[in-house]
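The structures come next, written out as structure tokens.
In the two complexes that follow, subunit A is the common piece, with subunit B as its partner first and subunit C second.
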Partner chain A sequence: MPLTQADFDAVLLTLKLASLTTVLLLLIGTPIAWWLARTGSWLKQPIGAIVALPLVLPPTVIGFYLLVSMGPHGFIGQLTQSLGLGTLTFTFSGLVIGSLFYSLPFVVQPLQNAFEAIGRAPLEAAATLRANPWDAFFTVVLPLAKPGFITAAILGFAHTVGEFGVVLMIGGNIPGKTQVASVQIYNHVETLEYAQAHWLAGGMLAFSFIVLLALYSGRRVRQGW
Partner chain B sequence: MLKQLFGGQPLVGPAQAAEKLIRARFKIERPGFALDVDLCLPGRGISALFGHSGSGKTSCLRCFAGLDQAPDGYLEVNGELWQDSANGQFVAPHQRALGYVFQDANLFAHLSVRRNLEYGRKRIPAHSRRVPLEQAVELLGIGHLLQRMPDNLSGGERQRVAIARALLTSPRLLLMDEPLASLDLKRKLEVLPYLERLHEELDIPILYVSHSPDEVARLADHLVVLDEGKVQASGPLKETLLRSDLPFMFEEDAEAVVDGIVSHYEPDYRLLSIRLSGTDAVLQLTHAPLAAGKPVRVKIKARDVSLSLQQAQDTSLLNLLPARVEHWLALDNQAQMLVGLRVGDERMIARITRYSFDRLGIHAQQALWVQVKSVSLLASD
Partner chain C sequence: MTERTPRTCLALFAGLAFCASALAEEVQVAVAANFTAPLQAIARKFEKETGHNVVASFGATGQLYAQIQHGAPFEVYLAADDSTPAKLESAGLGVAGSRFTYAMGSLVLWSAKADYLDGSDAVLKQGQFQHLAIANPKAAPYGLAATQVLDKLGLRAALQSKLVEGQSITQALQFVSTGNAELGFVALSQVFKDGQLGSGSAWIVPQTLYAPINQDALLLKQGQHNPAARALLEYLQGPQAAAIITSYGYNR
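Coming up: the complex of A and B.
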């Protein structure tokens, strides 16, 4: 087997990072998406634009600002130090935080689209059937938005797996801690280990293709009702 | 006169306190829309809210449900206070014992018919469940649909499920927003008998929004006529709806709405010409410029229409149109008549004295001329 232990560790770390990020993003992204879908506030456009920023910014820009703010003199760094956590730069936790920003739009936007498509009507029906707003959200909105949640989870996971620039800026390249698959490929190429780079790169290519295939097939099935 | 007879609010004294009543007052003012209603409705039977689209019927019903909150409002249903803005009281929709049947059924797409029916039922305390599932299912004839998903139902079936779902919350007030409007005639005839059974078999007051005189005539006990967000009449059906085939035949307020297309604009005189369908006749009025070909809707009050056997010459009136008499009825005071007329494909109403009616020898299908004193353009979009 041409993959080294370091390669396996990198793949495992990538999956761990992507899973944790996806779960956290679904929790954080749902209220944001709900608010964006329902609000009439003037803040909707500015907040929507901020959420979408990672779509257009070079990952190094996000990474740079996170590096500065999580560093010993940044406001996140100050906060984590005062809590006795030290600084988050070059740690796995730091990577998770970076990934949350990096993949936020890939989770929020499908959810927002799903919530907007549901509209007000099912909620009003639920209210006239005695369901309070929380009850209605869990028994009506969540099930109806299920395709949106699936899309959001897949995109959030896959996009985090593909992360490179942010990781390099705030996580560096520490085996077992911050060395994810994409960085490991970079290492192999740097050291001219092309065969191993091929294995990892090919693996990620196959993974990405399967994810997108699953996404599009699922979409076709859902629309075919 | 009708307004004086039926629109007045009866005082509720101690002797009447137990009487079933729905008292509602809603006032909403938004740009381009105003609702200002003050109603006292019987607490049993079917009350119809009737009017053109845009008359405020649905807005009014949504205020009853609390789906919209009138900034200035009061609502009491058979002794239960649901809104009193003067004292800052507003009961949230999910805390009101009401059922709401939406125009498009609004079933939950992710739940089977059975689970749709159970959704509201299991959210009310067991001891207040007064409508057994079997009874609602039987009443609406949906027993064979229970396992189906809403997407696999016809429009009529969906609407029946929606009605049963609302009934199963054992509401103290059932609100129905044009439950038949999205159905074709065949489906309407399929659902109507079930609505009549509701009326006969259940003691739940129903507020029924409709723009169809036929539905109202068939179902309602009490009629409220809304126009431009205001109550034009409210009273027992027969006294209020003088004739079911002629909407808005209500004394002072009788009016017709006519559709036409802008055919010409004369900037010198600021004169707009509107061609009516099915005739070469045009209506003219002074107005700001509008592009030719634009569809518009005009309102003509019955009291602004007079009749003449010959085409009047040398008159200052702009609008002289050939018409044919369709039908007529005498108003309560027996001194005046409402005459239904057809101009091209459109209908108008003239209010004339009974003396003139007899003098002109008005008879069915008579060809004559209508003279329209004033025409007003309804908002065109």
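Coming up: the complex of A and C.
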């Protein structure tokens, strides 16, 4: 196998980025999805549209805005500098923030669908049994929405693994910090190292197929209940 | 330029091409990212004078090479180095003997801030910055030249942790112009206009610190019978193109 240490580092970094992003997105995405599923506010459609934006925007647009806003003259850059954190471009934290935007709809939308499918009845029943809202959320909603959480986690993880354009724009190709697998494949293709490109690209293909297969198989089993 | 014969061959072919130039043809050109601005200027003049139409695709030299290898419909290849066109020529994808150096690139250390660099390597040596942008040295000739400069100055090890790589020289420029990197090695042609620096501050790196960046052109197999392709290559060697090319900071 012609893969080098840099290739393995890139794969490890990709898995680290995707895991961290998925955990953070489940924490951030759950309240957003819950609010979107329940609210009757006029803000529901605009917020829903903003969440869905990364589905249709090319990653270069997100990457470009992040590059400018995280830079020393941008508003995120000014904020992080005033907090003594420096700027976030070319750092792993910067990639995590980019990935949060990039994969947001892939986590929020399955959760929102799951919450909407539960409807109000189980919660009203819980309320008549004197469960407080938090209690009802953890003992009623979470178990019922479990398939939604699984779908959200898998899609969020897989989509972050496949991230390329955003990383390319704000990463700076630093080994061990911002050089993820998709960028490494691009490097190999650019430098005509096709054997290494094939190994990494084949690995990504197999990984994506297995993830989607697991997702669809799980869905079929659940529908069979 | 070592070979003379290709030039005379080309001149002959171009002569034939000029006879046919009453018929406006289209020529598809693959252009190295650093030559974007000068080619656009040259194409405008060329189109006006010959009536031909130039369709240009800009990208990293290696990326364009991969595309040509896999059947991209380009007829003329303007690379940022001399080895990639040579490879295509010997692989039979280019017309034998059509290769020539159309420009010699200059490397510049550039900052978007007006008073950051003082025309010397002092700031580089002091190392009081967070990020130094370069192009990927394995894929882009200007990136390779940048690492040669750092090696020659003995600064490679000290600055390694501050290096950020753009995939092409265009992206390296982007990092610097948005202020994300305080300074970076880019092509002089990117920041030079009409014989002077467009904005920011710079140190024009002495040619002795890096191997010459010979940018070679090649007529590709697909363009063999296209008079517009031959005419464009001939035009690139002429005085009008030379004036534009040097005004962007290249040598001829």
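The definition used in the following text is that the second predicted complex is superposed on the first by the 225 of 225 C-alpha atoms of A that agree within 3 Å, B and C clash if a C-alpha of one lies under 4 Å from a C-alpha of the other, contacts with A are read in each partner's own complex, and residues count from 1 in each chain.
Here, a contact is a pair of C-beta atoms (placed from the backbone, for glycine too) under 8 Å apart; a residue touches a chain by one contact, two chains touch by 3 or more.
Since we're looking at a predicted model, the values are computed, not measured.
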Practice item. Mind checking the superposed model to see whether subunit B and subunit C fit together on subunit A or clash? Key: fit
Check your understanding: What is the contact status of A:Ala121 with respect to subunit B (first) and subunit C (second): first, second, both, or neither?
Key -> first
Exercise for review: Could you look at A:Val189 and tell me whether it touches subunit B, subunit C, both or neither (first, second, both, neither)?
Suggested key: second
**Study point:** Contacts of A:Thr87 with subunit B and subunit C, given as first, second, both or neither
**Key:** second
Exercise for review: In the overlay, answer first, second, both or neither for which of subunit B and subunit C A:Ala131 touches.
Suggested key: first
**Study point:** Touched partner set for A:Ile174, first subunit B, second subunit C, both or neither
**Key:** second
Check your understanding: If you stack the two complexes on chain A, which partner ends up touching A:Leu144: first (subunit B), second (subunit C), both, or neither?
Key -> first
Exercise for review: After superposing the two complexes, find the smallest distance in angstrom between C-alpha atoms of subunit B and C-alpha atoms of subunit C.
Suggested key: 51
Revision key, fill the gap. Check: subunit A residues flagged as touching subunit B and also subunit C none
Point to revise | Complex contact set, residues of subunit A against subunit B | key: 121-122, 124-133, 135-136, 139-140, 143-144, 146, 225
Check your understanding: In the complex of these two chains, what residues of subunit A are touching subunit C?
Key -> 67-68, 70-73, 86-87, 89-90, 168-170, 172-174, 186-187, 189-192
Revision key, fill the gap. In their shared complex, subunit A is touched by residues of subunit C numbered 60, 62-63, 65-66, 130-131, 133, 136, 138-139, 163-167, 171, 174-175, 178-181
Check your understanding: Okay, in this complex, where on subunit B does subunit A touch?
Key -> 65, 67, 92-95, 98-100, 102, 104, 106-110, 119-120, 123-124, 151, 165-166, 169, 175
